[in-house]
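A, B, C and D are the chain letters, set down in written order, and residue numbers restart from 1 in every chain.
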């Protein structure tokens, strides 16, 4: 599908600062940047970098003087989601996993899979097929965690969310990742733009490594899965931050927009348990 | 310097299992594997993988039947440490950092730098030169944290160690990394063999990114810095585990040995504040 | 019922020390100490104290010299459990609670009821009768938490146990207390001797304030409820420790025994949902 | 000294609710309530209770209907602080402590003294006299923790504050208590009104049990120590909450006032290390 996305972010720099900004969609075989433009007011020196660990494209922006800055990014992107039948999406044995997939089995800051083995096994361990396990995880999170802002904080982790049972997309994603890893299914954090997310904001969900594919899962069920435009993947929120500030930048305003340019979007089924959707091929 | 290293690990497999074992030194320009041999009793199917994220070389080992297994690894390696004068080891500005170095600024599971900004700034922020900051961090940890096993656990993190003030090499390393990152100095976990470590064991310390170099720092001061043989680097203990077990392997015995083959070791000064030592070039 | 209980504890004092020991059953209207003897080898100066906060009878024991000490306590006690029909055991409105009952509504170190409101309400909030809520809590803990030592530690709290789903009597009790308080039912920790507990050890469970009575609940279901001999109640494990050591006493050995002197014990039903058992009247 | 205090609190009840309000100063030998009046708009049924555990006087207030409620409390109180020379304020040996003092040695929810033994001993253990230890604790907190709101939360504990080094009076008090208990000095939380606190608010500090006296310590040094009017003491913030809400009361407004009615206040020295001030005799 073809989308137009735009992000405007305003800051007030109180001192000379540097900003790392990760708002540009990732380039890959299935996601093409048709055109893009990144401007700033005033004009600022920017550098574009690619992260080898995880997948992230980001800019380092030098802000040499205090004052207001406006950043604007606009792009037309075209992406495809590959549909894969569920029966292909089974466990990959450890000895057949790539080094990259194996790295997403490790516990991490917000995904303490090492403390969830018993919980994950008790709830999902008896389900035979790996894809069905992950579907059950998605359903459990959707049914048991209330989507609500104002409660969780940047310190909230998967271990907390099991009991607090409330959170935002970041928390839903962390819990999904932690439970998958606890069942020896590599899982990673996914951030991106989301068509039809209302109000418009950056969205987070996760990918699980099944049958050799990274299958996208969104336990919030807030948006069509094929309306996602990937910015980055990583171990969890620690390595996929949209903005990292060095110095003192006060956030003033942000506007995000995701528009469909294609004629129509064939909705992929949120609740499907017969096929998985892959953003990486 | 030239070293001979050996590791023998025995397990008892209670069920068919898979083991990821990371005991082979990393190959790089400054660390050459002259010869190596990895054997098992009984003979087991092994696969060698390299991790792109972080730096790690590891084997996936299939253990198809319950029973005792013995793994033995022996190697002759030659490595060099590059000595760099302190004045070159200053802060790298954010906009000049590589994507890889930037990834080691993020907080992580055991290194909660995001909770230590105030502490780090109060204690070390006024020191002008980046290398001297890191030397001060090393000295503070050495003087304030007691090296003692039996107290900390695999759940212990840098935030705990500041107050508990006791730990093993893993905890010393995590605290050093967290404090460096809190001062905007990228830092990463380093595991390896250590000549003269007594009793012989795998050792952990850290590297700080100064002047564009990864400089090795060991706050335990237990071993000569140029007697280290690198196995892996990573964000912290989560991605540098020496063994990851899938199934049920009961640890039975381990023996490690590090012998100097060169005529003699010119000791690099533990306490030097005028030069830094680099394992990556 | 009439019981004989005995406790022998041996320590080795490395330095002059003081020991607070809380092994003597509580005296109340329903629990009578027929006879008791507390001896030590060597002879040591002891003081008996009663705690006003919570309910606890304990000795402060001065150990002026290093060396081995043996403490022996033996007693014959007679107690009764009052059986109260379930329909009397409803919520007490806040404005009708005593100051003492209200103090057991507060969150505490191991019972973080303030973090469990949502969880408790989702699971038990729709049950109408307070006693049935508490029975449901007991059943949920019994069915979902595995009784197993070697996993939890003195730092484990109710919040952990919900997710870790394993623990010992202390952890079962803390979770029961936290869930009751989260439903505005005062609850407190209960320690004591337990007839038929095998192996013999001090046991922990909890009491919930229902219909104006403190009703005893044991989610482990390891022992007959009317085979319990109360030592102390308190907010949680922090104020009901059996031994507090000041100085350096190394634990060497402990033997506990609980024998029935009455002809027989009429078992009260572990699983009863029609009546509650009260140790305090 | 003679003071007039007043508290006005407004809530909006969204549902029928019950409020426990603890704003009335404690009555004791050294603190006399000359006159007091507690009114509400509309008129509400209130019950006055005294807490045996800790020391607290509080009202349970029934709010039977949704709507706005205004509570107003006014009182004239007269209290004295007893000045005790430092040399009398030494350690009390465990075997000489009352059961009540011993109960304030336990670790608690916000005062994890059991995790601070090493830290407390390293920093303060070598100081000989108990009162000087506590003065050193007060000075360390005052010099190392920044008094600043907006950072800490109701979940912040003493263990956090050592490293986060910022907080409000509640956090200063919790840290003081935890460090005292870690040095085997019983300590408890103190809440009250504070003459000259600006802006006017309820204040928290702590008392340490020295020489058999409860000596008041305020590490914030924000107010004259003899301008404090005690409301309650307890183990920490868990049992000294000023308001506990059952139902749904939305806080709308609060005004507190503390006026000196005596001719003048002879300031007791914040920084004194030669005498201690006792509110309990």
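Assume a residue touches a chain if its C-beta (ideal position, glycine included) is under 8 Å from a C-beta of that chain, and two chains touch if they have at least 3 such contacts.
Heads up on the chains, UniProt names are A, B, C, D = Transglutaminase family protein.
This is a predicted model, so every value here is computed, not measured.
One rotation lays the C-alpha atoms of subunit B on subunit C, and its angle is 180 degrees to the nearest 5.
Work out the mean CA point of subunit A and of subunit D, and you get 46 Å between them.
Centre to centre, using the average C-alpha position, subunit B and subunit D are separated by 47 Å.
Counting partners per residue, subunit A has no residue that reaches two or more other chains. Chain contacts in this assembly form a single closed ring in which each chain touches exactly two others. Under the contact rule defined at the top, the touching pairs of chains are A-B, A-C, B-D, C-D. Interface residues of subunit B facing subunit D in the complex, by the touch rule stated above, are 115-116, 118-119, 122, 144, 146, 159, 162-166. Note for the complex: subunit B touches subunit A at residues 18, 20, 45, 47, 49-54, 56, 58, 60-62, 93-95, 97-100, 102-103, 105-109, 112, 114, 154, 184, 238-239, 241, 244, 246.
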